[in-house]
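One structure is given below, represented as structure tokens, and several questions about it will come after.
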Amino acid sequence: MSQRQISTSEISSHNKDTDCWIVVDGQVWDITKFAPEHPGGPGIIYKYAGRDATQAYNEIHSPSIIKNNLPKDALKGTLDTTTVTKEWATPLANETPQSAPASAAEKPPLDSIINTHDFELAAQHSATAKTWAFYSSACNDLITKDLNASLFTRVLFRPRVMRKVDKISPATSILGHDVSFPLMISPAAMARLIHPDGELAIARATKSQSIIQCISNNASYSASEIVSQDVVTDYPFFFQLYVDRQRHKSEALLRKIHSHKNITGIFVTTDAAAAGKREADERVKADETIQNPMMTSNATNDKKGGGYGRLMGSFIDPNLNWADITWLRSQTKLPLVLKGIMSADDVRLALEHGLDGVVLSNHGGRNLDTSPPGLLVLMEIHARFPEIITQHHPRSAAVRQGRARPFSIFVDGGVRRGTDILKLVCLGAVAAGVGRPALFATGYGQEGVEHLIEMLKDEFETAMRNIGVTSIDECSPDYINSGAIDKWVVKRREHPYAVSWASSGRQSKL
Amino acid sequence: MSQRQISTSEISSHNKDTDCWIVVDGQVWDITKFAPEHPGGPGIIYKYAGRDATQAYNEIHSPSIIKNNLPKDALKGTLDTTTVTKEWATPLANETPQSAPASAAEKPPLDSIINTHDFELAAQHSATAKTWAFYSSACNDLITKDLNASLFTRVLFRPRVMRKVDKISPATSILGHDVSFPLMISPAAMARLIHPDGELAIARATKSQSIIQCISNNASYSASEIVSQDVVTDYPFFFQLYVDRQRHKSEALLRKIHSHKNITGIFVTTDAAAAGKREADERVKADETIQNPMMTSNATNDKKGGGYGRLMGSFIDPNLNWADITWLRSQTKLPLVLKGIMSADDVRLALEHGLDGVVLSNHGGRNLDTSPPGLLVLMEIHARFPEIITQHHPRSAAVRQGRARPFSIFVDGGVRRGTDILKLVCLGAVAAGVGRPALFATGYGQEGVEHLIEMLKDEFETAMRNIGVTSIDECSPDYINSGAIDKWVVKRREHPYAVSWASSGRQSKL
Amino acid sequence: MSQRQISTSEISSHNKDTDCWIVVDGQVWDITKFAPEHPGGPGIIYKYAGRDATQAYNEIHSPSIIKNNLPKDALKGTLDTTTVTKEWATPLANETPQSAPASAAEKPPLDSIINTHDFELAAQHSATAKTWAFYSSACNDLITKDLNASLFTRVLFRPRVMRKVDKISPATSILGHDVSFPLMISPAAMARLIHPDGELAIARATKSQSIIQCISNNASYSASEIVSQDVVTDYPFFFQLYVDRQRHKSEALLRKIHSHKNITGIFVTTDAAAAGKREADERVKADETIQNPMMTSNATNDKKGGGYGRLMGSFIDPNLNWADITWLRSQTKLPLVLKGIMSADDVRLALEHGLDGVVLSNHGGRNLDTSPPGLLVLMEIHARFPEIITQHHPRSAAVRQGRARPFSIFVDGGVRRGTDILKLVCLGAVAAGVGRPALFATGYGQEGVEHLIEMLKDEFETAMRNIGVTSIDECSPDYINSGAIDKWVVKRREHPYAVSWASSGRQSKL
Amino acid sequence: MSQRQISTSEISSHNKDTDCWIVVDGQVWDITKFAPEHPGGPGIIYKYAGRDATQAYNEIHSPSIIKNNLPKDALKGTLDTTTVTKEWATPLANETPQSAPASAAEKPPLDSIINTHDFELAAQHSATAKTWAFYSSACNDLITKDLNASLFTRVLFRPRVMRKVDKISPATSILGHDVSFPLMISPAAMARLIHPDGELAIARATKSQSIIQCISNNASYSASEIVSQDVVTDYPFFFQLYVDRQRHKSEALLRKIHSHKNITGIFVTTDAAAAGKREADERVKADETIQNPMMTSNATNDKKGGGYGRLMGSFIDPNLNWADITWLRSQTKLPLVLKGIMSADDVRLALEHGLDGVVLSNHGGRNLDTSPPGLLVLMEIHARFPEIITQHHPRSAAVRQGRARPFSIFVDGGVRRGTDILKLVCLGAVAAGVGRPALFATGYGQEGVEHLIEMLKDEFETAMRNIGVTSIDECSPDYINSGAIDKWVVKRREHPYAVSWASSGRQSKL
């Protein structure tokens, strides 16, 4: 590796998209070739072309990433610090409105935060505009994102009173691992945007609170960094996999994952065949591009805007299909769960293909607007294939007696209250996942995530007592009144409008 | 009892949570041990550590409470008034925003108040912030609280015209007591927060208007004080009981209640197994704690905030269960009603266990958000166990002919209009209860509560005439069009999503 | 009659509620005895005690009313105009905010008004606060008032295209009288509040536009004055009757009505058994009372407020019942229609009792909040007693062939568009009525009412063409999609929640 | 043609509606006879009486129109430019608020526009008030206009995952013409109001993006001008026909249309029997008229206001009916589609009458408020006449095998997202149309329309992948969950409220 001392004036001359150097932690990199493939889009890199990008880099990335991902010859040398001028050291004028965090004073103290909405508001006011846009945005008109949350509010409990509920236990197990209550941290990308500890903090909090984190394929820190922290080396994690268009890359990634014995389950994302248009995210990027005086060509001028989300997903294989289950099984012995299922039919297919479970999820409403909330899909299973739950639920009599294979159903999207989690569990979910709330809580580091989990657990326990159950085993649909949303449950295999002209269509081949 | 004269400087030195004296009405108390058990939370007490708390105390509590509840050795002596300095006499600077009542000028004159909403607005603007938060708050997202009221607006009447309705009578009887119309004042805690007369005023108003008050277990005045007022000694009351974790305390309380012959019914609350998170209430407390310079340790720094509601419920036994009915019956010969029933199944159980009635209630939406309004539960009874009403309603032919035992169904939650009461009565309720509206009206003392009752009675009578009935006996479901909310009525015993995996669950054991 | 000249100083001395003189048009009246019975409440009169009330009187009343209603000895003499001082001539300082009309400049020109909402806005901004309150107010929470209008917006048409619709005719007949389209001006009280011509203007407009006015029992002008105007003496009117507690008064009134040959139908109001609490109306009165320095006693201080509406209805007989139909028939040979029917059962009773029709109406939502809109009742007839329409509609084959008696169904409440009228006609209504819109349009006198009728007719014709019908005869339910509100239609005689305990109730006796 | 030089003073003297000259492009026209027939209403012309109207004319009209439509003797001569004074050259003072476009600075750059709502906002802020009113307005209370869009948001997808969706094709064919995806530009009048290129720009964009434009009968440019542009002479177009009251005019128009071989289909509008009251449009006109000091007579003073829409439709024949299909077929050999069908019955009639297809449309909610969205009509076909789709859909097996005639169903109204288009296609539509969005995009010329189409296509493709289909052939109702709006689907031939009294009505004769 070159250790040549390079002056700031030389670095400054490589300030075009066709010849682009940046400095990170004192090292000078030629990222001309890499920039177009940058998961966060090339624009943010070109902004620092010929400049020192250390601060911006560290806001998002783990220190190891640039070294592991760039070829050795991209390292041109080290910054000659004797040549640093005042101008060089001055931050970009237009950084402030976009990337400067709001003053700490605006962030309310953690002990004034008493629900997930408080965490969201705190993040909105203290994160950078781009982080907020990336985290909070969803596809198109946000109909699914909003529906994810609002459907829960329209489902009522049917509480029973006069039961001994002093001693209750919300504890359960997920894919064989004991947890304090049925909550999972869903995979959500780039937690470092909101706090330097990012996913490391989430990991430590899940252990201290005895729940499980499913690590994002696009985490700011590598899965290895996350699960190898001293304090969690003996604690289980799941890993979310985006199958790469280049399958050998996924195979290599899985081998690396397997080297960590505390990664104990693989969640393969299936609902990212195409990245949705997350308009808030796209709009912030569009502004940024305009402010960039270096963008002489408009080859990178993407008419769609420039959201992180869309740009980050380019490596995901849209051809992943049921036949690939065989390949996946050949690559891992770990429990295998499909994440992003949005129809009862696909749940049944997942069971038939030998999967260990599914996450009913619409990717937080980020990929397809008006896709159905997981809660509706869960109800559809009851209406159309009830045996998937009655026979294959890990707690069912059939499974306990060895007559049926366990199949775990997770649900995420819109979960904001302990009552939401309890409703899902009553309807047969093994656990509920939270994504954005965990990111927002990460703004307060490990302590914030712990507080989030405690709050949800407290709400969950309060609701358990108030509906009259003392353990997860007692939860059942009898406690649920879904009358207000039953209209959305497609009850029969044959849709009322099913027609025959499409009989040669894909669905009949499955 | 010590009558030692104690100087203000000595008192001021006991200003820590680990050594905490306060002055009330010239008496000096060591409340170090008691403070953590204070129903209103320790924070409010610590705020006055080493100071005179007379004013704050009197705003909420009856004079007798501190003497009856603290051990004798907690009384350290009497304030040496010769040592009172100007600084001692100055109110805490930070009291104003929290506890000072708004100027009287902001409270509209009573004769400008023409509905319950006016009373609520008046309370919002004239009560202290903490009182408003405690009274008005409900659990989590207020979905149940709002639904309680809004469901009534979606139920239409089916009025009949051309009937002789000049002379009508809204009079009826409740558990054998004649009342002017089917309204009950539901138990609601700490009415003194809004007016010095508190529950005393409510009691006097119920007599003058011939309705019945169900006295709260947590009233500012003791039940004895309330029912022993000269003017009401011959007038009936009901008493709400929270069964204590220490049963002997409840037994003692019931003995005391029985010493008052005009307490003629016991309403045992069943929907407080766990106190809900009443966020508005919690938030005000959180602020208060911050302003308290004396809180050096954070042992009392409760992450959940510090609402009155949650802290006040710590003594309630979450293990109260159907088997306890036998014990309850052994402790009282009075009619026994279960309050807080939220499912038709539990209504049936109450009937089978020999209770005299139930209050369909969700505690004003304060304990479990998305629990069902009593109106829905009443409709569910019709749909699933109609015989509970057709056979056991006190006005039914079967009861009048001695073929069936009377069973009285009350409903509270969201009742804001005389029309709401009439709808409940038409659907078979014996009476409707109002809680918060009575508290808000108490802001105007006895006259305010009387005005509230008159208004509701006037609305009730107007509606009777306009639907074409002249007596409570004529009210029936024929006058109700509930089409807009029928979707929420669970019609069959078997829930559409009922599954068998939970067949070992609690509900099958009942 | 005394013609004594009375000085202003003498008049001023009679300025108490127990001794109250006022001047109207130069005549001095002692209204001490009459004031408490004033339909508009005594407060407004006491305000002018000892003063000249000419202007306030003329804003509301026809000149003949005071002479016809007060006994002769109440006339004390005539104002001695030589004694009028500047102070006497000065209007009351506090009149302005309540009763002064807004400046004419605020009233938009008539040709800028293109729908009924425009008329309503113009009235809101140009009428006095009290007039606006009286006209616009409705009972309690305005749920029925709002539902009256909003239900129409949720009913869709099922239009047919490709039909010859150049020449169409919206003409029809109502109770045997030809009208230009199926619109009736519903009775609405005191049109003079908004324009000096009041009901006189409405009458002239109905003739020029060939529709029919149903004159209010409480019109500002007497029915005689209205129907005897030169221009309309040959044009038909209907008369609304409130049956008086003193039946002989109603009999006398009917005799007077019969003296006018162009009054050709009697509409007996049945939905005013009890006046609802019209809160906006009550509140304005309450203010007025406060401003009255003469009200030394509070005997007239009505806790309910003091709306015109409630006070005006005190003479109405709440004992009017089906047995009275015989009496009514003995008093008039004119077609007899019951106004204010709110259930299909009562429509059937009206048919069985030989009435000529009904107006499905809830009194503009003014008497019973959450009473059903007429549109729902019309749908209920189809669902439960369809023969009332299929056999007895004046246009039905059975009636035309003499096999059945004609029975006319009118609907009012919330009608704001020609499309609303067409929907009602398609569902079998003979005509739709408008009340408030006509009052608001009267603000522009005869020309305003004509413009209102033209607008609605134009909207009606446009909609006829666009659904594909050329005459009223072709209108049918086939053009209506009521799917969004079908949930509110009670389909069976037996209500889903019907119970037997109330079997001794009134409804079974009918 | 007269080429007489005419002075400005002579021109100025012809400034009355009874003697009205205007100057356009240096030519002096006597438009006294023509003005009353002006599609945009006479008011706008009278405003320029005796003045130079060039700028106002060119904002809306193609240069050829005045020459082709006025008789030769209307040309009085040419403007003597030597007589032009400063006053003559000054624009009308009152033009600015109405017709001046907002400053270009307010129009956001095209690349910041990422959805159709952005285009709408841009148009709202940059078009003249009158253009915005004409484009955006709809009938009465906008219920249908809003419902058109909002119904789409309540229909959910039922996505399938784990399918190979890397390579997908949204391509399809419409009436035999290949298109890049199932989008059509619906006919919408007067695109030049927002951009000088108007429909010319739309035409060029449709070719470059491979979709099809249906040219409006009332386009600013003649169809000939549009389809004869060099770049599109080889590209197919459809033409919308309003059948004229004078049929020979329609015949002549069709002959002209046939002279262009690239006009390949005729869409006959059927839902304009009567122009609706587009209130926003009417209101702006009303203002304009007021500002016109020349309007001495009020013959043109229309009480309804003066919207372009209503005035432009006066030539349309409201007597067009099914019998005219024979005449239409005799006039053209091109595929014939009926546009504006709003009931399944009329779809069936169209099929029976040999039409090639229908556009389910309510004219953008502009003619009949509360008419049903096309989406509902499409669902009604499935519910009542499913064979129209299962047997006659151009992609059905029956059509492909020659057993049935192809029949194409288009839908427009409220389409704002690629997901909307996909929902319609899944339910059997051949293509979806967009009207207003195309007009708004035209504000940016050809590039704007191209951007619009690209955006919708991108949204469409993303949604295809995310529901799991790779071609239009695979789309089916199985992917649709319409539970929330099924209540609006009239399922049976017999309406629940169908009655017999109207049995002699029109519908039975069909």
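Per-chain residue numbering starts at 1, and chain names A, B, C and D are given in the order in which the chains are listed.
Simple rule for what comes next: a residue touches a chain if its C-beta (ideal position, glycine included) is under 8 Å from a C-beta of that chain, and two chains touch if they have at least 3 such contacts.
The shown structure was predicted, so the numbers you read here are calculated from the model rather than taken from an experiment.
By the document's definition of touch, chain A and chain D have no common neighbour.
The fewest steps needed to get from chain A to chain C, moving only between touching chains, is 2.
With angles rounded to a multiple of 5, the C-alpha fit of chain B against chain C returns 90 degrees of rotation. In this structure chain A contacts its sequence twin chain B using mostly different residue numbers, the overlap staying below half. Chain C and chain D have CA centres that are 44 Å apart. With centres set at the average Cα position, the gap from chain B to chain D is 62 Å.
Shared interface positions of chain A, i.e. residues touching 2 or more other chains, are given as 487.
Applying the touch definition to every pair of chains gives A-B, A-D, B-C, C-D. Within the complex formed with chain D, the residues of chain A that make contact are 140-141, 143, 270-271, 273-277, 279, 282-283, 286, 301, 303-305, 317-322, 324, 338, 340-343, 345-346, 349, 367-372, 376, 487-490, 495-507. Within the complex, the chain B residues that touch chain C are 111-112, 114-115, 152-153, 155-166, 379, 382-383, 386, 389-390, 393, 395-397, 417, 419, 427-428, 451, 454-455, 458-459, 461-463, 465-470, 473-478, 480-484, 486-487.
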